[in-house]
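Presented below is the structure to which this report refers.
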Amino acid sequence: MADIVSMAEAVAELVRDGDTVALEGFTHLIPMAAGREIIRQGRRDLTLVRMTPDLVYDQLIGAGCASKLVFSWGGNPGVGSLHRFRDAVEHGWPAPLALEEHSHAGMANRYVAGAAGLPFAVLRGYAGTDLATVTSTIKQITCPFTGEHLAAVPALNPDVTVIHAQRADRAGNVQLWGLVGVQKEAVLAARRTLVTVEEIVDELTPMPDAMVLPSWVVTAVAEVPGGAHPSYAQGYSERDNEFYAAWDAIARHRDSFQRWVREVVFA
Amino acid sequence: MTGTDVPPTDPVPYTADEMMSVASARALADARCCFVGIGLPSTAANLARRTHAPGLVLVYESGALGAKPDRLPASIGDGILARTAVAVVSVPEVFNYWLQPGRIDVGFLGAAQLDRFANINTTVIGDYARPTVRLPGAGGAPEIAASCREVFIVLRQSARSFVRRLDFVTSVGHGGGGGDRARLGLPGAGPTLVITDLGVFRPDPQTRELTLTEVHPGVDVERVRAATGWDLKVAADLRTTPAPTDVELAALRQLARSLEAAPDPAREG
Amino acid sequence: MADIVSMAEAVAELVRDGDTVALEGFTHLIPMAAGREIIRQGRRDLTLVRMTPDLVYDQLIGAGCASKLVFSWGGNPGVGSLHRFRDAVEHGWPAPLALEEHSHAGMANRYVAGAAGLPFAVLRGYAGTDLATVTSTIKQITCPFTGEHLAAVPALNPDVTVIHAQRADRAGNVQLWGLVGVQKEAVLAARRTLVTVEEIVDELTPMPDAMVLPSWVVTAVAEVPGGAHPSYAQGYSERDNEFYAAWDAIARHRDSFQRWVREVVFA
Amino acid sequence: MTGTDVPPTDPVPYTADEMMSVASARALADARCCFVGIGLPSTAANLARRTHAPGLVLVYESGALGAKPDRLPASIGDGILARTAVAVVSVPEVFNYWLQPGRIDVGFLGAAQLDRFANINTTVIGDYARPTVRLPGAGGAPEIAASCREVFIVLRQSARSFVRRLDFVTSVGHGGGGGDRARLGLPGAGPTLVITDLGVFRPDPQTRELTLTEVHPGVDVERVRAATGWDLKVAADLRTTPAPTDVELAALRQLARSLEAAPDPAREG
């Protein structure tokens, strides 16, 4: 059953140097506050896993927490580049960043296999692209019934997955709704899980389009109102598109980024 | 909106970007459902729903099926998509149950680089291991390009985007030419239309090489050639795209205004 | 987009002799009325696909509509045997019934593959059982990353899938909630689909734990209130456990079953 | 309730079936979550929740996770399961995401035939192609038996159900004996407990052959031997199951009454 703790305690306990860490949330419900907490606690050598690195990984990469990125689309949605991601890949600053690069369909299916306790997943994907030439975790498999060739990708099983959700009850059952992305799979695939929530409530009122993650698959829950900002939590906040646009200027240069880390993350 | 003003031969002046968006929207006249990337494809698809294709089903990779946003979404995960969708599904489901089986008529993609066979690069400029410019990467595009019944591509054209040889093949259009999609086992028909700010291209029925079939009003073939990194084929019956109508322009501009605090959506790969 | 028609028209149009037909619904929302309509229309040589044949297939088998059954658990839940199923298997009455027998996990994954446009699915299943010795659609596959051996089963893609749901709107969007079983997969895997619903409404009010099947994946919708009886439709009816118990006596003997067909199905 | 009355040496008389249900419920004392088939397993699991294991998470293959029914469900798809569950998921999801990865502590199964290695037959009596009795088949059992951390089996015991050789292996217990589960790649520990109306059996640590470790009050070993189709091993320290307490019996009988129009759940495989 999930423990209800502070985010600082949870990150201290659950996220360790060298871990494979997935912070998921597809545009919606991105666990941004947890990402900043990982920076504050000075984690190093993380393998960061996420379909869309977004600002949360731009920050972790720029702060030197990561040695590898497993991903499928690394842009600032609606704005342009992730400059800290680019600086790491193009110039190795602040540290070289190994890449393991897939398509969205491949990443989603890797989490599915991880959640399902299977070593791999099968999809119609990658055929004819250069991805398989640069990514060793893309192979071919043959259908034993039809002889067709399909793509196989290995399961993703993060040491720890972090997500943000709208609510949890006091037993640690977690409820999220709206665009729920790949969060269920990312949680079920992980060895440990931290969920930050907008609020902890006595009872989870059933909601349309909601999913509940039972407390017995959640390690820790922390109440962090606004923990997705500048991403959003449907029913609690709107996406801060202006911050996404403003991030372009903050992240474009190393010094402005470092100032942001000093003045905002460590404020 | 960026782009060059077209001389006001038409009642309402419009930009090259507006012509591109209108031409893209028109292309969706016969589609029943469209898999929409953000940026130019989203503008085109939403414009089509507001003009000649009100029943067009928009599918977003964020899991919104049949979204009916009343403004331009600021990202593929904009809350308005979930709130107005017929159904909201998980990301694995949208790829596995909705895209992969070929349920989508048109996949609408952008590109950083395109080659003569409409293969797409959105991964790197330069060498993969030591890139000059690291682009966002694949996202949903490889499987959108593989599985939709057909694919439309929209991008601003220049000799830097229309290249002889891609630095990286992120998504396959027609591979090395005629028959390659079948050889690769790609189920959909691949790119059938490429729309730029200069004109419209369609693949040759045999060779699948892109052929200029329309120029936009005020654009001549030489200008298109100069913005193409290979020896451009031009259709014998080259036509001129009809200029945007007042109705189309009004709907497009209302859409553009609807996106508050508008970032530049064209910069998302 | 789905057509809104009568059940009789829909069955006449969509269910053909020799078809592979799936009537799905896991205890809840079983399309019983559609099954009786198929009997009334005298369909023959059907391959019936369903995880739990239940009363609906006991009736179709006893009425001579089926030549083959693809299934994973053929009992009367909470009561005992399906006597018409047993009579067909044990004595070939009214016609021999070929069996293609899986486990629930295997059947569920066959629908998943069918819905996903893949030729096969992978699961941890069947190892050491006799099922693979009697069922040709169970094979082994090797993980290209770990070398592990797993089970592979081929996709199920019925010619037509029939389900019962709570509601549809006038455009043919279908909404169901409660235990939703394998219905989404069975619908998406099929070439044609018929949905019977408790009611057709102007607007589908969002409901907790509900799924919506967009009209563009539904061929026909027919309004059939009570169409799941003696199964049930959450929010509309309760399961008629007494009828399930009473079915034991009706189906136990050929003459009592035939009387039921005459007097109830053809009433 | 069926079964033989036990002489009223205890304050409240009880049936052999009641002893079996109470012993089954007690076995769930240390489990966190249990995958529940209908019939005897459902009675046991719901009794455990009402007595010593109020936090026990019940998972039903119909997709109800953490169901808290306040009466015995009449089927695995009883509406009360969805209405009282922490979460309701699809049938593919319950098998793929919840059962297969080994998230379930105890899988609770019934059986028509059982052999000395706790392998289960629920498929046919006689030849598969021309069966004497066609049973319901596998259902969820093969993968429940494979993937749960451990498996409990509950069934009424007779020489017809405890057989030397199964007519069909529907679900694997310990295969041919020690080491077979590992050889077959089955992740869970397999059957660790078999509970009947006569006693309780546990697999030998080495050979994995079922050994009688408890007899229920009033049952002697000879009666168990007569109801076993193989040469029964008996534990050196054979114990007698403690009789049901008044509290257990009261809770069990309240549960039984709660199932309106009660069919005989034991007949579901």
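Order as written gives the chain letters A, B, C and D; numbering starts at 1 within each chain.
Convention: contacts are C-beta pairs under 8 Å (C-beta built on N, C-alpha and C of every residue); 3 or more make two chains touch, one makes a residue touch a chain.
Since the model is a prediction, treat every value here as computed from it, not as a measurement.
Fewest steps needed to get from chain A to chain D, stepping only to touching chains, is 1. C-beta contact counts were set side by side for B-C and C-D; C-D has more. Centres computed as Cα averages put chain A at a distance of 39 Å from chain C.
A straight line joining the Cα centres of chain A and chain B is 28 Å long. In chain B, the positions touching at least two other chains are 96, 100, 147, 187. Of all residues in chain C, those that touch two or more other chains are 117-118, 123-124, 148, 184-185, 209. Listed by label, the pairs of touching chains are A-B, A-C, A-D, B-C, C-D. Of all the residues in chain B, the ones that touch chain C in their complex are 32-33, 57, 65-66, 86-87, 96-97, 100-103, 147, 187. Considering their complex, residues 117-124, 137, 139-141, 143-146, 148, 150, 152, 154, 206-210 of chain A touch chain C.
Across the interface of their complex, chain C is touched by residues 38-39, 61-64, 74-79, 81-83, 88, 90-92, 95-96, 99-100, 123, 128, 131-143, 146-147, 168-172, 175, 180, 184-187, 260-261, 263-265, 267-269 of chain D. By the touch criterion stated above, chain C contacts chain D in their complex at residues 26-28, 51-52, 71-82, 85-86, 89-90, 101-105, 108-109, 111-112, 123-131, 134, 148-149, 178-182, 184-185, 209, 232, 234, 238-239, 241-242, 244-245. Every residue of chain C that touches chain B in the complex is listed here, in rising order: 115-118, 173, 184-185, 188, 211-214, 216-217.
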